[in-house]
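Next up, some structures in structure tokens.
Consider the two complexes below, in which chain A is the common component and chain B and chain C are the respective partners.
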Partner chain A sequence: MDRSSHLSVVVDLSPTHWYLSSTRSQQNSRPLSLKSFLSQLLVFLNSHIACKDENTLAVFGVLPGRSVMLFSSLSEISGNPLDAADADTYRPFKVLDGTVMRTIAEHVENLGPSDLEKPVELVGALTKSLCYINRITATSSAQSAEQTASLDPRILILSVSPDQSSSYIPIMNSIFSAQKLRVTIDVCKVYGSESVFLQQAAHLTGGSYLHLERADALLQYLTMSFLPPPGIRQLLSVPTQDKVDFRAACFCHKRIVDIGFVCSVCLSIFCQPVPVCSTCRTKFPIKTLQRLNAARPPITIPAVAASPSVTSLPSSHTIRAGHINGSQPVAPNGLR
Partner chain B sequence: MPSIELNPETASTHTELSPHILLAFLQSQSQTALTRLYQRPSSCLSIFRLLRPLERQLILNLLWLESSIPMSTMSAWVTPEGRKPYNDSLSNLARLHVIPKSTTKLALNSTFRASLRQAITGGGTTGSFGVPVEPDPQYPPPDIATLDAYALERWEIILHYMVSSGTGQHPTKPSQEVLYLLQRSGLMTKMHGGVLQITSSGFQFLLHDPHAQLWELLLQFLYMAEERQMDMVEVLSFLLMLSTMELGREFSTENLSPTQSAMLADLCNYGLIWQHSASARWFSPSRLATTLTSSSPPLPTSRSTGRGSHDQGFIVLETNYRLYAYTDNPLQIAVLNLFVNLKSRFPNLVVGAITRESVKKALLNGITADQIISYLTTHAHPQMRKNKPLLPVTVQDQIRLWELERNRVKSQEGYLYTAFASQADYEYVLDYAKQLDVVLWENPAKRCFFGSLDGHANIRGFIERRTAEKA
Partner chain C sequence: MPPRRIEHEGDSDSDLDIFEDFDSGAKSKGKGKGKAIDRGKKDKGKGKAKEQPYAWEASYTRSWDTVQEDEAGSLQGAVEDLIARGRRRRLLAPAAAIRRTIIRHLVLLLDLSSAMMDRDMRPTRFDLMLQYAREFITEWFDQNPLGQIGIVGMRAGIGERLGGMSGNPQEVLKTISERHKLEPTGEPSLQNAIEMARASMSHLPTHSSREIIVIFGSLTTCDPGNIHEALAECVKDRIRISVVALAAEMKICRELCDKTGGQFGVALNEGHFKDLLFELIPPPAQRALPSGPNARSAGTAPADLMLMGFPTRLPDTSPPSLCVCHSQLKSEGFLCPRCGAKVCDVPTDCDICGLMIVSSPHLARSYHHLFPVKTYQAVTTLDNMPNPSKMCHACARPFKYAPQSMAGASGEGMSHLGRYRCPDCQNDFCGECDVFVHDVVHCCPGCGR
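Up next, the complex of A and B:
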């Protein structure tokens, strides 16, 4: 039971949204600055290493237009200038904190004005962390089968920026890869509205999704909800979602849809009936199209920006159409 | 043939879950001593790591809270199956004085909280993680490979001396202090003529993994330090500080207290630290020391079996009781010789067989069947790991059966009650004894029965009362 575990942390470092998070406004009564966030994050990372000497850690940063690895406990940096002698700090903590802060500073400084317009590369960081986990589990399985099972790999996403509906497909694919690798994805929404995709990521991989309500208690949230490895979570429960937004984004306009139309051959999702599936080129009979068009609700699908009220949505799996239900293929009966 | 219950899974999880032996020692210490120990961040971090996962999580949940929280707030998070481990953890932590015992409120010991916070956030001026020094150009510090070799050599000298005592061989003697410690811990005992001879607990010791062996010796060292009027807190905090140090670095001896400086020579003898001379102003901790609070192997590579193969295992056991050990390490061969009938030896391979005689010899030495099986399991060759179960079941069963053979007679202390005046008397007393469930054997024809030791006072009182009534 007392096994070492691996934690990959994906930190959203979007400058725009951190600026919004740190300014006091009507919606944001408890501002959280990046500086105070990072110091609490570092304590959390130290706690993970403190729990067990063999625990491993990787930190990935999400920046506009790029994703970078900030720290990995595998690549021990030798001859580090931060190596200055210190009798008061446990050395692995010092190396970890120093490296994370230095790499963040380097990468943020390298951001040009043009980069700020780009969307953040959450998918890139998520994919990198999955690749990293795959690598460490693959190498340890070469040593012995016991160690593979002992890693309990987890990913923690600390997100501040809203969903980009354009990245729906890659995020879903990452979630399925995580399921295959048996990686638990935990999500902490530090700032901003609920994230539909990340809720699904946590739900489908058995992780926990938390919307930070009190920014000043971030560290306590992190420690209690995201630090315990799966073995402990069976004994000491962690907060889970009571409702999950299962809506999907359509493949044609990347809009989050309440009612979608699913290709009966390849299960692609569309926001309106199409004569030819753009993914698999299947032609649909004209009769079906007419029937579907007739059956469409009179109101047009709300635009993405119109902030769909999450509470009004059904919370169970019985969503009307086009939702992703576990890893099973969506049944074509979603067509109406 | 009796069936033997084989349940290696539960056995292994049980050992994993059993608390570290140092914690039992700490629980026996006074609260003031523990509070002094908790003043050092490095001690808190090391002790924290020795705790079980649930206990660690509970501490972290409470670590950043300024005030105590009601008991019900924390227990609301506990799942039904976590109820028992949760209560166990709380009582464990209460005995360590980490979470003071209370029925209503939960809070960390304030000293422990302050030190662990400081350990995790860094900073402060305690210098409890060891003061590093720049290497002296005159005496270049050893590199990691040299340190490993040094630690391994020191450690194997001790073990090899133990295993070959009484066999007529004369391996290198460890230093006098080590010999004294071995004798004091009951692992070896002085035979006629002052020759040290390994005891049955010594044989059992040899089959433990190096990590457990090391802690057993260090614990004895702690007991000895108490007898020598050394300050236990100083000794222990030095050991715990060593465990947080980094391998391949040099640390200054100047900040050490006199007690701790006195320990340096002893620790050199065990191979925990390296010093180029007894008066050197710096020392390098070896892997034995830096892995004290982790579960990674403290002895990375064996001298001879090549890189990586030591912790991978080297023993192949077949269903026909033949055993092949890919090693030329004299210590490993000597340990195997405790319970294997070795037949032939090749440059990198020893061949032998597990026989009734060889196992009986081991059992006579006080080694148990479980210890033999767990040694074979932990040191099994990677090829063996493909088998499920790992060891051939026939061999495992047979080793246990051989142990049972020895345990056919079970002794129990007690009293024999005879010479009852009448059959009625006898039956009356016997009934009473049976009610107490203390009868081990009875023979109505001879009017006698045998009762266990703890029932004696009651039976005796009963008979006396009855005689008094009659008179």
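Up next, the complex of A and C:
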């Protein structure tokens, strides 16, 4: 049990959503500002490296349109002005805190007004952290196979922004590679609605997904659920997911669908029957189109909402789907 | 045969794998020390098989001739170089075809005739076949999560069903796990086995692919009727037959593959056997041209639009309820999105409303075949760049500035500097991340897609 572990933390720093999170509103009765979030996060990071001397850490920041590595325990930054000896603090803590805060400040300042419009680059940070884990596990396997097993790498995603349906495929790809590398992905949704993709990420990799009910108690959630490595977590009762949503995003409008139309050749998902697959340009027989149009589930077409079958649907689904549809810009030719 | 021997032999095989390419160089140049690496590199890809000796004429491998010491007398650089090249080579495979069959049904025909006891492949053809078949099945399910595999053996003149069509890798592996039940005897019968495989796939919907992969060690087939009739039936049913022969090319095997649009190959040695088999793992590309030579048989399988539902998974802690498939009281399960019925496992068809229920990860696992990451270009010079990045964009490993004094010079997509650049986002990646991104992640860290 007493093994060193590696933790990669992916921090969502979307300015828009942190602003929303820090303002008090009806839905958000306990606001959490970025500043207090970061101070709680640093305590958590410090406790991770304090748990064991060999524990390693990497911190990645997710910003609109870019993703950056904020800190890595492999690259010791020398000549740091903050590095001056301080009798009151443990040096690794000081290096960590200083580096993380400094790099965040640098990158946030570099954001131009045009960047704020862009969606956050969660995928980039996730793949980077996977590459980083690949790097450290690969180098240690060259030394000894035993060490790789003991690394027990995991990724913790602290997310505030909603799902972007356009990143569905890359996120799924990252999840599968995490499975291959035996990396656990933990998700902590600090603010905002449930994230379908991240739920799947946590479920498929055996991590835990936590949607904070009280964002101001963040540190407690972090230390209780995410500090112990997965091996120990089996003995603790970490909050589990009550429901995992296995819905996917359609390729045509990037909507998240319950029931989709799937091309048999390439498995592209569409939210309505289409005559030609946009991915592989397969033509579908007219007969199927007619049959499917008749059997079409009412969710996707509000125009037929008067049909009696709509009442048979669970209302929560309709509302949820409607909410998601409403918040996503509908691109007519969304595929790439 | 005592098991100890098998293990021992297995070890020597794996050594052979690593250096196989470089052996070819060493062989053709005699004791050409040092130059061997250059040579091996040129024979890469398809050509390499031609240069390799047959397994039965190989005496011993001079793997020590192919590595070269660097200035400090260390072998580490040479070994790393070998490994990097081997990985890199796999990446350079073309990634063009976009239309692939993804719902696959495969019957694996294993030759269990007495010809499989030959020892030209170590330890025996039979043991090697079982070993590779297991690896093949694992990898196949990884890449084709919606596929199904059935296994048929050819032994003593009849086709023997070893395992029915199943989508569960563990179940399929179990059918070939017991070696003593598969002990080879008698003559194989291609016709019987193919007929059996065809029959087990006759009920499948038209849009799924039907494939037969034959691992054939014998030089004869002992058939009750005309095998050409069986072949004609397969062509009619759009069954694609691929054969990996272990002995030599047989006219009928070649014809089976050519007429049905499959691949035929004769394994030269152990490594080549594995290559041939593993080439059949990625979903076959469907030719988009309707006028192609194989258009009728393999090119244009009728495509269809399918209605699929994505279920909600209930956790272990939910209140128990009856499932519709077994009528058992269970707490975990999946809810059909259309009728709300609870089923135990996916993918399946809902027992109540008949909707096909798949979990979206099952589908998503196949997408990387459709949207491959663009191949990164090797950066060979830093001259026309004002300020090159100091470290790999993905893993933050610092780049080496001094060009490595590699034995094998540049070209072949290798970079002196260990830098590979994404054509889209113009970020530089190290060699290791390049391979990792293209082989595993299938998503560029710079572009985020």
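The definition used in the following text is that the second predicted complex is superposed on the first by the 298 of 336 C-alpha atoms of A that agree within 3 Å, B and C clash if a C-alpha of one lies under 4 Å from a C-alpha of the other, contacts with A are read in each partner's own complex, and residues count from 1 in each chain.
Methods note: a contact is a pair of C-beta atoms (placed from the backbone, for glycine too) under 8 Å apart; a residue touches a chain by one contact, two chains touch by 3 or more.
Because the structure is predicted, anything quoted here is derived from the model rather than measured.
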Give one word, clash or fit, describing how chain B and chain C relate on chain A after superposing. fit
Of the two partner chains, chain B (first) and chain C (second), which one does A:R247 touch, if any: first, second, both, or neither? second
Applying the touch criterion given at the start, work out whether A:I232 contacts chain B, chain C, both or neither, answering first, second, both or neither. first
Across chain A, the partner (chain B or chain C) reaching more residues is C
Quick one: is A:M224 in contact with chain B, with chain C, with both, or with neither? Answer first, second, both or neither. first
Which holds for A:Y90: it touches chain B only (first), chain C only (second), both, or neither? first
Which of the two partners, first being chain B and second being chain C, lies in contact with A:A50: first, second, both, or neither? first
Between chain B and chain C, once the two complexes are placed on the common chain, what is the minimum CA to CA distance in Å? 10
Chain B and chain C footprints on chain A meet at residues none
Note: in the complex, chain B contacts chain A through residues 13, 16-17, 41-42, 45, 48-49, 52-54, 56-58, 60-61, 63-65, 77-79, 81-82, 85-86, 119-134, 244, 246, 255, 291, 293-296, 312, 382, 385
Quick check: in the complex, which residue numbers of chain A touch chain C? 67, 69, 72, 74-75, 121, 123-124, 127-128, 130-132, 134-135, 138, 166-170, 172-177, 180-181, 200, 203-204, 240-248, 257-270, 273-274, 277, 279-285, 288-289, 292, 295, 297, 314, 317, 336
The chain C residues in contact with chain A across the complex are 98-103, 146, 207-208, 286, 288, 301-318, 334, 337-338, 340, 346, 355, 359-361, 363-368, 370-371, 392-397, 432-433, 436-437, 440-449
Residue ranges of chain A touching chain B (in the complex, touch as defined): 1-2, 4, 43, 46-47, 50-54, 85-91, 93-94, 97, 143-145, 219-220, 223-224, 227-229, 231-232, 234-238
